[in-house]
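Input: structures, listed below.
The following pair of complexes shares a single chain, chain A, combined with chain B in the former and chain C in the latter.
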Partner chain A sequence: MLSIHTKNENSSHIVKPVGVLDISTVDKFDEYVQTLDSVLTLIIDFSELEFIDSTGIGAILRVIYRSQDEDFSVELEGLQENIREIFEMVGVMKVLEAMQK
Partner chain B sequence: MLFSEHYSLIHGRVPSDHDDSSSFVESPVGEMEKSLKREIHLARDIQTKLLNGKTPKLSKGEVTGVSIPARLIGGDYYDFYLLPNDKLRIVIGDVMGKGIPAAMLMILTRGAFRSAADSAQGPGATLTAMNNALCEDLRTLGSFVTVLCADWDPNTDTLTYANAGHSLPVLIRETKKVEEMPKNNGVMLGGLPNQIYQEKQVYLYRGDDVFFYTDGIIEAQNKRGEQNKLYRLIDVLLQHSDKSVHEIEQMVVNSINEFTEGMPQKDDLTMVILKVGKDKANISSCSFA
Partner chain C sequence: MPLMLNIYIYSVFTIGTTLSFIYLSSIRLEFFFSVFILAIIAGLLDKYFVELPNGTLFSGSTIFTFTVLTLYGLPEAMLVEVVVALFGAIVERISLNKVAFNIGQYVISITLAGLVYSMLGGVPESFALAEIPKILIVIGIYNIVNYILVSVIMSCLNERNYLITLIDMMKDSVYMYWVTAVLSLRLIFVFNQVEQFQFWIETFFIFIFFLALRNAFGLFINLRKTYLTSMESLTHLTENRLSISGGHATRVGRIARQLAEELKLPQEETDAIHYAALLHDLGKVQLEENIFRKRGPLTLEEEKEYRKHVEIGAEMVKDISGLEKASEYIRYHHECWDGEGFLEGKKGEEIPLGARIIAAANEYDHLNNDKNAKNPAFDFEKLVQHKLDPLLVKTLMQIVDFGTDSKQVAPETDIEDKLLENIVISEARNKFYQSKLLKKFGASLIVTYDGAFRDEQGRSIEVPCSNQVLSFVEKARVQRAGVREFLEDSTTGKVYDIYCVPSEYQVHIMFFDVSYILDYEKKQEEHVKSLYRDVIYSVTQGKLQLADEREMSDFYKTELIVEAPIKTKMDVPKCRELVQNVLEAWNVQGKMKFNILLCTSEVATNVLKHAIDGQMKVYRNQDILRIIIQDNGSGIEISDLPKSTLLSGYSSKLSMGQGFNLLLKLMDRVVLSTGPQGTTIVMEMKLGLAEGEYGYNLRTAYST
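For the complex of A and B:
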C-alpha cells in the first residue's frame, strides 16, 4: 500500500511516499520521519502518491511543524493536480508558508 | 485444539477448576473486551444523540442533516444554530482521522461551535473563535479539523460563508443549474493560531438548494476501487432538486449505496441540505422541531 523511497542529494534529503498515504499506512510514514536526524532540507516528493486522506495530511503537517521546531526547511514537490487542490483547500500550503518564514 | 480451548479463545472465557463446561468463568481479557464493547456502544449513543439532535423548522425554507459513520463512531460533524430574525447558522466539519480519537475531537469541535455561535457576529468570527479555542489542543495532538460555517439570512436572500479548509457546498439553482460558489479557502482549525477567516456571499432564491458535505460522500468507493466523485453527486442533486430536503437526502444516500454495492466505507458520510422556501410570504419565527 505504501513504500517509502529515499535518497540524499547535495544537502537535501528526499522522501518519496509511493502508493497510498492514509490511516492504514500513516504509521509507516511517521516512523520513517521519526528516524530523520540533522536534516537541512527535507523534500517530500508526491509524484507517485496515488491517494492521501486527512490522516496522511496530518502526517505532512506534523513534519512541517517539526521543521519549525528543529529549524530545517520542507519542500513539497511533484504535487499532482488532485493532491495540490486538496492541500490548497485544507490550507497545507498556507501553514508551510507561515512556518518557513 | 480441544473445543473448550477453542471456545475460550473466541469468547475470552476459561474453564473453571471443576472442568465443567457449564461453569465457565470470565477471564480478565473477556471481561475487558465486554466492557470495552459496552463503552464503545455508549460512546456511539452519546455521539448519535448529540450529532443527530434537533433540526430547526424554518418558516422560509427547509433544512436537514445526516451523518453516517464508517465505523461505530465517526469524526464528522454538523450542527445548526438559530439566530435572531429567522437567520440560521450552519456548520459542517470533518475531524482528521477515524473512529474513537476522531469522535473525541468531534465533541470538542461541537463545544467550540456552540460557545462561539452564540456570540460571534458572523461565520468568519465563528471560525476565528473556534480556532482560538481549539488550536493549541489540536496542535498538541497533531490533529486538525476542517469546518465550513454559513449564515443563511432569508430576509436579505443571502448565504454568507467562511471556510476553514473544507469543501465548498454545491449550489443548485431552482432552474436546475449547478453554480460554483466563489472560492474561499481559509486554513483548517488547528493549522495556525490567530486566523482571520474571510467571508464570501451568494444570493439564494426560491427553490435553490445548497448541499454541504464531507469528502466521504465523493470519495465513497465501490468494489473496483472507483470513487463516487463530485460529478455523480451533482447528477443526483440536479435530478431531484425539486424534491424536499428529506427526499433529496434519501436519494443521495440511495445513490451512494447503489454505487458502493455494499462495500464497507473508509470514511464517514455527512451532508446538510438547505432549500430556500417557495412561499416567502409566510413570516413566522423559526423553531426547533
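For the complex of A and C:
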C-alpha cells in the first residue's frame, strides 16, 4: 500500500511516497532509499502520504541521518497538518534543523 | 607437644602406676570374676560413649567404678579403672600418650576418692541409707580430681587460662554428675550378696540404656550435621552463580563461629552468628548478575544496587523464624568501624557484635583468597584503621594462620587439635550446630539413588515427584554430568530446585525447597510494581496507569465492537482500517481520527516488535472508545517504563519508548498491564459525541 514516485528536478531528487508508511511498507521505502546515489538535495514530498507512524518516521529519520554522513540536504515538502504536528511532537523537525546547519 | 606437657603426662602416669601396684595386689580373688565383668561393661560403655546434643561426651563407665568402690572396695574399683583405660588402648588403638595419661588420671582420681570415702567412715560391703551423702561426695571428689588433671593439658594446648578451663569443664559436667550418682546409687541399693540376680539384670539394663541413648543422640546430631552440610552446599551453589569463590560462605561461617567461641559468646548467639555468616551474601541472589561479574569499579548506580544486597539478604532471613538476630547481623555486615560503611553508617560499638564478627571473617577470607594480595596478614591488620573492630582483628590474628588454609573449605585440623580431642573427654567437641534455620530454609533432602531412593543411612525412602526425579536421575547417569531442574509438587504446592550429581554407581540428589524464595521474589516484584505504579501515575498526571490482571478484567465488560488478530505486518494496516471504519461510522474526523489511528498503529506494531502475535479488541463505553491490544510476549521491564515514558526526544532507534510517548500525548488514558504472560495496553479516547450519533448497530456492521 505504498508506491514511491520519483523524479529529478534541477539538481534535486524528489521522492513522493504515496499511500501509507508503516511497518508493512517501511522495508520497501528503506530499500528504495538505499538505491539513491550521489544526490545533492533530496526532497521528500508528503502530499499524497495518507498515513505515517513512528515506524515510518524512523525511516525518514534514517534518511536525515544519512544525509549528514553523505553530505546531501533533505527537504520535507507537502506536509499535511496532522503529519506536521506528529513530526514536531516527536522532534523530527528539530533533528532536521540541527542537521542542516 | 611441649616438653613440659610430656613431663606432666608421664609424671601422672608414674604416680598412677605406683598407686596401682600398691592397691591392686590386695584385690580379693573371690570377687575378681564379678568385678572383672563389671569392668568389661564399664570399658564397653566408655567406648560407646554418648554424645550429648550440646557436644559433651558422656560415658556411663564411672557408674560401675563407684558401684564397685562401695560394694567391694578401693582395689577392686581401681581394677575397673585400669581395665577401662586399657580397653581404650586395645579396642581403639589410641596413642600411647593417651593411654599412659588415662591410666594415671583414673588411678589417681579413684585413689583419692576411695581415701576420702574411708575417711568419711564409709565401709565397703555395709551399705545403708546414711551412706548416700558420702557417696555423693566421693563421686564429686573423683570428678574434681579428674578435671583438675585434665585441665592442665587442656589449658596448655588451648593456651587458655587454667582456672577458666577447669570451671568450664565442671559446669559442663553437673548434669552428668547427677545421672552417674543416681544410677550408681540405684545399683548399690539393689545389690544383695546372696541374691544377685536383680543386680545383674539392672546392670544389664543400664548398659542397654546407654547404648540406646547413644543411638538416639547420634541420630539427632547426625541430622543436624546433615542440615548444616546441605546449608553449606546451598551457599556453594549460589556462589557459582554469583562468581564468588566457592566455599566463601562456608569458610566465613566457620571463621565467624571460631571468633564467637573465642569470645565466649553464648551458644545461641554463636549459632546466630554462624548462620548469618553463612548467609551473609544471600541477598546478592536478587541482584543483577552483571554487577558481580563486572571488573573494575562500579558506577554510582551499580554501587547503589550492590548495597541493596545486605538489606535484601536481611529481609530474606528475617522471615525465617528464630533468625531475627541473624537477620540483623546480615543487615549491618557492611558497616565500618569508622562509620563509613553502609547501610546506615553505624560506627564502633553501635554496630552489633555479630555483624562486626562477620565483617572481620569476611574480610579475612577475601584477603586470604585474593591471589593478588602480597601480604594478606599485613593488609588485614591495616583494616583496623577504619573498617574493622580492632579487638576482633587481634583475636582473629591469633586464631587463624594466613595463607595456609586458604583453599580448604575447613581449616585443617592440626595434630594438636586431634590430641586435644583424644585426651579430653568434653569441651573439644563442645559445639555442634543448630538447625532451626535449615528446617525453615528447606534445604530439605539429600538422597542417593542406586535403583531405589535412599537416605544417608541407606534406608529406602519416598521422595517428592519421584517419577520426574527419576527421569532426571536417568539423564544425569547417561550424560555423566550434573542435572539441575525445577519441579513443582502438585500435591503440596512446593517448588523444588533439584540437583542430580552422578558418581560411579549412584546418583546423588539434592532437593532444595525453594517455594519460600519464589514467594519472596513474587512479593518483591509486586512491591516494585506498586512503587512504579505510583510514580508513573503521578508523573503522567494519571494518564498512564499500571494495572494487574484483576483490574484489567473490568475493561472487557462493555460492548465489544470489533476484534482482529495481529500476526503479520499486514495486520497493522488492517487494524487501522477496522478502527477507521468504526470512527467514520461515528463521524469522527480530522485530527482526532488521525491520532487514534496513529496510536492503534503504534501499539499494533509494538506487538510485532516485542512479541510473536497478539490481538486487538475495540470496545465502546458510552462515548469513550476503548482499544485493547494484548500480546503474549515476555512482558515489558517495568523498571524501563519511567525512562520510556518520561524521556521524549528522538533516537535513531525507535522503540517502545517513542510509541509510548505518542500514546500518552494523544490519548486520554493509557492502562498497561505487563508480566511474563504478556502485555496488555488499553487506550481510551473520549469522542465527545452526543448519544444519538451511535444510532445503529456497529457490531453487525463491522465485525468480521
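The rule we apply is simple: the second predicted complex is superposed on the first by the 101 of 101 C-alpha atoms of A that agree within 3 Å, B and C clash if a C-alpha of one lies under 4 Å from a C-alpha of the other, contacts with A are read in each partner's own complex, and residues count from 1 in each chain.
As a working rule, contacts are C-beta pairs under 8 Å (C-beta built on N, C-alpha and C of every residue); 3 or more make two chains touch, one makes a residue touch a chain.
Just so it is clear, the structure is predicted and the values come from calculations on it, not from any experiment.
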**Study point:** Room on chain A for both chain B and chain C (clash or fit)
**Key:** clash
**Study point:** More chain A residues in contact - chain B or chain C
**Key:** C
Check your understanding: Is A:V95 contacted by the first partner chain B, the second partner chain C, both or neither?
Key -> both
Exercise for review: Using the superposition on chain A described above, determine whether A:G58 touches chain B (first), chain C (second), both, or neither.
Suggested key: both
Practice item. For A:E81, decide between first (touching chain B), second (touching chain C), both and neither. Key: second
Practice item. Could you say whether A:V20 touches chain B, chain C, both of them, or neither, answering first, second, both or neither? Key: second
Check your understanding: Of the partners chain B and chain C, which touch A:M1 in the superposed model: first, second, both, neither?
Key -> second
Study note, to complete from the structure: Running into chain C, out of the candidates 2-10, 20-28, 200-208 or 254-262 in chain B, is stretch 254-262
Review point. Across the two complexes, what residues of chain A are contacted by chain B and by chain C?
Key: 22-23, 53-55, 57-58, 61-62, 65, 89-91, 95
Practice item. Could you pull out which chain C residues touch chain A in their complex? Key: 569-570, 572-573, 576, 590-591, 594-595, 597-598, 601-602, 605, 608, 648-650, 652, 654, 658-659, 661-662, 665
Practice item. Could you please specify the touching residues of chain A with respect to chain B in the complex? Key: 22-23, 53-55, 57-58, 61-62, 65, 88-91, 94-95, 98
Review point. Given the complex with chain A, which residues does chain B contribute to the contact?
Key: 94-98, 139, 142-144, 146, 164-167, 185-188, 191-192, 215, 219, 266-267
Review point. What residues on chain A touch chain C, complex-wise?
Key: 1, 20, 22-24, 51, 53-55, 57-58, 61-62, 65, 81-82, 85-86, 89-92, 95
